[in-house]
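A, B, C and D are the chain letters, set down in written order, and residue numbers restart from 1 in every chain.
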Amino acid sequence: MYCVKVAEVNKMCRDVVEIVFDRDLRGYPGQFVMLNVFGYEEIPLSLSSPKSLTVKGVGKTTKALLNSKKGDVFGVRGPFGRPFSLPSVDEKVYLVAGGIGIAPLNYLYQTLKDEFEVIAIHGIRCKDEIMYDYPEIATDDGSAGFKGNAVELFLRIADFEEKMRVYSCGPKPMLLNLYKAMKKRNLLDCLEISLENYMKCGIGICGSCVTECGKRVCKDGPVFKGIDIIF
Amino acid sequence: MLEVVISDLKLENPVILASGILGSKWSSLAKVAEFSGAIVAKSVGLNSREGYKNPVVLNQECSIVNAVGLASPGAKEFSKELEKLFKVTNKPLIVSLFAQSSEEFSSLPNYFPFASAFELNLSCPHAEKLGMAIGVDEKAVKDCIKAVKEVTDKPVFAKLTPNVTDITKIGIAAEKGGADAVVAVNTFKAISIDVVSRKPVLSNVKGGLSGKAIKPLALRCVWDLYEVLDIPIIGCGGISNWKDVVEFILAGAIAVQVGSAFYESYRAVEGIVKGLNDYLSYTGEKIEELVGLAHGGV
Amino acid sequence: MLEVVISDLKLENPVILASGILGSKWSSLAKVAEFSGAIVAKSVGLNSREGYKNPVVLNQECSIVNAVGLASPGAKEFSKELEKLFKVTNKPLIVSLFAQSSEEFSSLPNYFPFASAFELNLSCPHAEKLGMAIGVDEKAVKDCIKAVKEVTDKPVFAKLTPNVTDITKIGIAAEKGGADAVVAVNTFKAISIDVVSRKPVLSNVKGGLSGKAIKPLALRCVWDLYEVLDIPIIGCGGISNWKDVVEFILAGAIAVQVGSAFYESYRAVEGIVKGLNDYLSYTGEKIEELVGLAHGGV
Amino acid sequence: MYCVKVAEVNKMCRDVVEIVFDRDLRGYPGQFVMLNVFGYEEIPLSLSSPKSLTVKGVGKTTKALLNSKKGDVFGVRGPFGRPFSLPSVDEKVYLVAGGIGIAPLNYLYQTLKDEFEVIAIHGIRCKDEIMYDYPEIATDDGSAGFKGNAVELFLRIADFEEKMRVYSCGPKPMLLNLYKAMKKRNLLDCLEISLENYMKCGIGICGSCVTECGKRVCKDGPVFKGIDIIF
């Protein structure tokens, strides 16, 4: 474990903050860190850029993080896990994020945007949850962008072809829909999904994050290829 | 060539998954079972236990400190989980048990009719009144093993703690209690402090050290036990490649358990077994011929 | 800022050279003394001892196993060597003593009138009847310290072995015997086996483990001792940089000893002291303010 | 410690053998290994080439080594210690070896000979002790080459100038003479000497090899610059 200091905290929407550190955490898009919030717990969070995390307050620790401020110090283990693989030069790239699933995809977007044609989609409940300004927005209530969920929007705008690459992160039901859509079109090998699971060690030994098919989300994932998962 | 027999357990190779490592879900156990000689499930007690809150694991250069705190769903629930495993693997499944007393220990085996053997965790260094609290006391060790032996015909292994002045005394107590083998060793008492927050890193303050760092220490325990015991010894502690296994075998172990090495790779065991196989093909020996060889004619 | 006082010894910084490390020649002690707060000479007994034959040291990833075997020219000869040192350094010189009995211990201090303090080696894990043989026995520990305290007015430190079930009991025995401080800890019992020759690597078979690998273990000893002792604790085991020192201080040590880190560089201590100095300049604290801080409000 | 296998043993003279291993020990000229001769002791020996040691039988272990043969296995720790530094392109190089001191200098010679003008001198007692064929020989009894010792020969043939580099290894009295000769000419910074001392750990912690001026032969040496030693 080493310590990092907060350089800047950006409020992204009501219950989401982007915490920027004073140094690079040396990870790749898709990797996560185990963040030790002293006095609270240690939790897994994806890198949302080389030096930032984007956190949604859902419980004790994440809500404490909403109040973090410049100068705060956190413990870090990692980055850990398998990152997203990079697309080939001729592939068209789609990012499909649901809710806070935008965190790892934002890092990927920043990495790819200058060299690839990237279409980023972010599905949220309503316009108050908009966090970043570049993605196509899909809202459940239609208060901004497309009315519907991220997968519906994706199905509408995507050109399904073998030279596509789809990266996704978000709630399980959303991932499942996307998975099915890609499977139906025989394009599972164009899909990469970042999974979440309850974590303790983060390094592949304790077994708490293991999936039904025996894979460790922390070590064999969190990014899995569509062909490697069985939902 | 790689086959070994421990009590009446036949293993196709001597590399066993250590307890607590990926051992709480049937799916990961099944995966590791593919290449290992046997697998030990995560230690389970009568009732469910929450375990400690995060952080419970700290990885460092050459070692890992953990205080997971024997998190467990309890015998009844866990038995259901392990039963799923039983259906898909033909490898020996060793069920690791923890308890506060010999009575509690003897109530556990019945929950696991499919177990190939039981391992008594007399050695967890970070759970109050459990594990080590028993494992440092010769009489308690003997009594607990006796109690379990009375309720099961399966082999019973005693997993020992190295955190004692003289591990051979505990080993002898286990043998006298009727243990079919000892497992040496569990983790070493350790602590890690963060210099920025100025607090212990793990939520439980203290934990147990595992990984490469403890290999020469664990090996010493096996060496000493081999000089006094007649029952087989299963070595454990810091093993990460086939050479480590050979060291343990030469020191007196008939088999080994591997834990922290999974930090490097899911295929830790696979690699070790392959290396062992190549080595023995080269020397033309059986693993059993090597047991304790380093003691001779020093 | 870095000054610490242990009993009536004033050290300009808390980083002390550990016994047995470069400690048999005045010339190397003088060199290390330049930057360290104090130096401990190699353990010396009444009579000369050959020590074990080579190999006596094995360096591994993260750790060193040694069984030098308390090689020593004996008190009389070694006193002459140390006297040369006394003339060229103004740093406290701590003379480390080993013996088989309290009587033998009490015969030693007289040979070293120039010593600033004595450290009793109750903890060497690889010399029969010496060191650990005494250090695991509460009564023997108490008696030996008492005996030495009776023949000298200098501070007397007890260097403890971690190879016991409960180090706090030994620490308390030392305190009751009148020790002015404890040094925690000496090396951990270990062995290493060569898979090609199929023999133990060290000529003495077993040795003691030191170096980075043992840091979390030694730190745990200091932590536990701090909870029960009133006398100061000098931490030792695996320290290789200033952060390690801060960890030990936060766990309850007032000073530390450094040994195996000299494998990396002669200037190990120099680097550590510089780092500590920078850290405390930055936080604006004195080292003494940090002692035991990690115990509070966990 | 790791193990190496003997590929070849060359008898160099009555009581000296060159033991060649089946693999490179990955050391530089001037470095040494701690060789564990199972059943005997572990002793320090200089590399006499990337994959060989050259040993003189003087005691129990070294005499045992005289009988080593192809296929024998030894334990190795190291290579350890500070190697010889390389000369500058325009420097004239002298190697001054006494007896078995030729071992590390042979490795240095093999490394430098193609790119530098190297004059190698080997002082021995009589012609029966000749080991390698390239050096200028000096014998005490005049039975081969120059009659006299290695330093005398060196003094006779050397051009003393600032652009010279003198490397030496051998018995203490010889090194002392050479040291004095170089010091008198104010050329101590052109001199590098490889020292020997009784060793246990080989890694700078036990103190057995420490010199009168507090240096560790195993770690701060065995190669020392002329200006850094006080004889």
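Worth a mention:
The rule is short, and it goes like this: a residue touches a chain if its C-beta (ideal position, glycine included) is under 8 Å from a C-beta of that chain, and two chains touch if they have at least 3 such contacts.
Quantities reported herein were computed from a predicted structural model and do not represent experimental measurements.
Within the contact network of the assembly, the step distance from subunit B to subunit D comes to 2. The distance from the centre of subunit A to the centre of subunit C, with each centre set as the mean of the Cα atoms, comes to 50 Å.
Centre-to-centre separation between subunit A and subunit B, using Cα means, comes to 37 Å.
Annotation: 61 Å between the Cα-based centres of subunit A and subunit D.
Centre-to-centre spacing of subunit B and subunit C amounts to 33 Å, using the average Cα coordinate of each chain.
Residue positions 192, 199 of subunit C each touch two or more of the other chains. Under the stated contact rule, the graph of chain-to-chain touches is a line, running from one end chain to the other without closing. Contacting chain pairs (ordered by label): A-B, B-C, C-D.
Residues of subunit D touching subunit C in their complex: 1, 3, 34, 36, 38, 41-43, 73, 75, 77, 199-208, 210-216, 219-220. Across the complex, subunit D is touched by residues 20-25, 27-28, 30-31, 42, 53-59, 64, 66, 68, 192, 194, 196-197, 199, 201, 203, 259-260, 262-263, 266 of subunit C. Taken in their complex, subunit C has these residues touching subunit B: 60-63, 65, 136, 163-165, 188-193, 195, 198-200, 205-206, 209, 212-214, 216-217, 219-220, 223, 243, 246-247, 250-251, 290, 293-294, 298.
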